[in-house]
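Below, chain A partners chain B and then partners chain C, in two separate complexes.
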Partner chain A sequence: MRIVLDQGKCSSLGMCEAVAPDVFEVGDDGALQLLQPEPPEDRRGQMEEAVAACPTGALTLEG
Partner chain B sequence: MTATAVPRAERPYDPADLSSLAFWSGTAADRERVFAELRRERPVSWHRPVENGLFEDPNDQGFWAVVRHADLVEVTRRHEDFVSGQGIVFESMPQELLDAGQGFIAMDPPRHTKVRRLLSSAFTPRQMARIGDRIEANARRIVDDIAGKGEVDVVAEISALLPMHNICDMVGIPDRHRRTVAHEAQFAGGWRDDDLMQGAEPLGRLMQATHTMREVATELIAERRAEPQDDLLTALVQAEVDGERLTDDEIVSFFGLLMIAGNDTTRQSTSHGLQALSDHPEQREWLRADLDGRMAGAVEEIVRWATPIMTFRRTAARDCELGGRSITEGDKVIMFYASANWDTDVFTAPERFDLSRSPNPHVSFGGGGIHHCLGNQLARRQLAALFREVLTRLPDFEVVGEPVYSTGNFFHGVNAMTARFTPEA
Partner chain C sequence: MEAPVVVVGASLAGLRAAEAARRAGDRRVVLVGAEEHLPYDRPPLSKAFLGAAGDPPSFRTAAELADLGIELRLGTPATGVDLAARELLAGGERLPYAALVVATGAHARHLPGERLAGVHALRTLDDATQVRTALEAGARTVVVGAGFIGSEVASAARERGLPVTVVEAASAPFERAVGAVAAERCTRLHAAAGTDLRCGHGVARLEGEGRVSAVVLTDGTRLPAELVVVGIGAAPTTGWLEGSGLDLGDGVVCGSDLRTSDPHVWAAGDVASVDHPIHGRVRLEHWTSAAEQGALAGANAVAALRGEPVRQYTGVPYFWSDLYGRRLQMVGLPAGDAEVLGEADGPWLVLYRRGDRLAGALGLDLPGRIMKFRALLSRRAEFAEALDLARSVPLPVRAAAS
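For the complex of A and B:
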């Protein structure tokens, strides 16, 4: 499972970070960073929740 | 379904009244009756121009009303069809006012994306956690000041102060300016309201408010240039977009937006929330029984119930369709948030104040998309901190008499509301 981030769409709100702060982090420059681009399979449910929480559709899951 | 485009000037107006001052002077329950009919029968409908009283715009021919949850979300997310750069409130306004108070909320990509990112790092979950103690301390300080009184004006002594201190802490506004700035910010959405206006002429008063905000912002900008601090104003002063510093006018405009969006939203949610908790003692007791476990969900329901911002506008950037209707380039499209938050396609028994409601996909922070409320997590934290403080320390807190609601189509405002409680020993 891989998280794909579209920086062009991301508005850096951090809704994903509120769901999984060890995977997503909006840095002090306002850009979202993926701390774990390939989180373990047992976290799929939480990753789906984080992707769904994005108001701009900037996140997708692959694999 | 394909609709035929009717030129704006010939399009018949919907018989439902969403445009009169009388409609916006009534209660939320009165308005909901009209919204319910529209949601059921005519979810995207064309209306005569809103009664303005601020600025006559001969080109204003009306607006589309979007009242269903699904359509509101769609408009919000189709930001290329429905743009913000031509204004985000119902009324046409002089450009000077738009420039002064709307900041990046009335921008479109690509500039919106870059400018908003400058500020977003101050509102992330990590940052909110960093200032969490401060937010809780502000809530405690507010309750400290009223706890011995036994009776308070909720709006003046609680609701107005909570967001004022928190947003001013973040932006970097010293105590000496806080009350002025929070008071002047109210005119942006409150110029229809007699209590607030005190007989002043709207356009002139709004200009005066703009002028005062500019003076304060300009003074603070100069201070931050000379001596940087760890606050949002300093971040704005030092920021670059596309290799260029922001101009003073831009910073003043962001300052105005932060003050309006930061103060007048959480203020309303606090008042409506305290009233709802008082009106529904069984819900309040349910929440008190497990504050840690239930507060997050309770805040969501309170924010749905309050719907502090009732409308936002977009403008069609091109001819397109929405809900089977043909929208013409240049048409105003107004989203009605209270209506979407009462949509029975999404909410079971929306008229019930139910702190255990789950899921609760309310649109009080927006329907998603690029303009989704930047301060949503700040608002949630402030409300949770305040309600916890009140429920713990003033358990018999009770709103007495009828609150005084404000008149206007933007903020769902409460001007005054009295509460009584047993003074803290």
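For the complex of A and C:
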């Protein structure tokens, strides 16, 4: 499973970080860092929650 | 045939409720909406949409909604509900339901005389399209109400180089949303951008014949205007439920599981007055609470039909606003005392304290910090811990304007 970030859509609102702070982190410059671009399979449910929480639809899951 | 889950209100909360209900089982789900449009995203209507061309994106295409198995009834305003028969009254029809999710949102409050042409609220896509057209024509703009919608409209007007005046009855913008200390700082945002902000003034009347020509304040000041945007708050859309027997207060009264006074009816989003386990009774008008409550109400409605346990709404309130190229973000609630960190021009941080607990945090241009406080709020952290976190890393310095 891989997280795909669309930088053009990301608006630095941080909802993904609220769901999984060890996977997503918004920096002081507003850029979203993927701390774990390929999280383990047992976290799929939480990653789906993070994707759904994004107000701008900037995140998708691959694989 | 088994009755469907019916979701009434086809904006964010309703859409998420319908999606969650479908995901939770193979029951039919019908999504009923008053507007003709497919569900669309509202925050951009007073932000990016006022600056650029193009419709804000629908969340889902009609084909995607069909693939999800959601049956759409758009342009179908609900007029009532028969709780005993378990039927929704909408568009002249009676729609039977096994469970009903009420997500009819809120509607803009109005001023007397608002029927003049050139006077708009900003709640729907149709409202926003009219405001944008007037801004494109270079309208001299007066905004009534310095809340978030009004302030964002002022920001859009200034970005186009148009003169704009904002009239606010309270002594500072966003006072109710962020408290007095932070509101004083928000005043500076308007001033720095060249917006003429007039606080402590009421509107006596709107002038014009057919089309608005001026806003007259209670002190007699006459502000010429070609566009008037009224942003004086929103009221929960519950009129259609009067007399239904459903318990109504400031919105549809529901428990922490979003169940209303009727066991087969649930509520979510701006219309829902929720018994929050941490904050007490709250009616939130934020994007994230609509999304979270919608998904929970849809899932709970199906769970209850199956006799399975339901979950509580424990979401931390969160909203954001984009003003003059700056970003405001608030998590939690602006309760109690406020501690202010950072320079007046920003970035700055306000921490709210209730007893020995953190109640909320508001940041200007601190996108990398605010979610750390949301995490503290969700575990009811002490205020001292929040203050330590805030002080442990110096606030970033504002980049020089380019």
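General observations
We adopt the following convention: the second predicted complex is superposed on the first by the 63 of 63 C-alpha atoms of A that agree within 3 Å, B and C clash if a C-alpha of one lies under 4 Å from a C-alpha of the other, contacts with A are read in each partner's own complex, and residues count from 1 in each chain.
As a convention for this text, a residue touches a chain if its C-beta (ideal position, glycine included) is under 8 Å from a C-beta of that chain, and two chains touch if they have at least 3 such contacts.
No experiment lies behind these values; they were computed from the predicted model shown.
With both structures placed on the common chain, the touch criterion links A:30 to chain B and to chain C. By the touch criterion defined above, A:21 reaches both chain B and chain C. In the superposition on chain A, A:46 contacts neither chain B nor chain C. Applying the stated contact rule after C-alpha superposition, one finds that A:13 touches each of chain B and chain C. Using the contact criterion defined above for the overlaid structures, shared-chain residue A:60 touches neither chain B nor chain C, since it reaches no partner. Residue overlap on chain A between its contacts with chain B in one complex and with chain C in the other: 12-14, 17-18, 21, 25-30, 55, 57.
The residues of chain A lying in touch with chain B in their complex are 8, 11-14, 17-18, 21, 25-31, 55-57.
Residue ranges on chain B touching chain A, taken from their complex, read 77, 113, 116-121, 123-126, 366, 368-370, 372, 374, 376-377.
Chain A meets chain C in the complex at residues 12-15, 17-18, 21, 25-30, 52-53, 55, 57.
Those residues of chain C whose C-beta lies close enough to touch chain A in the complex are 41, 43, 57, 287-288, 291, 295, 316, 318, 320, 327, 329, 366-372, 374-375, 378, 396.
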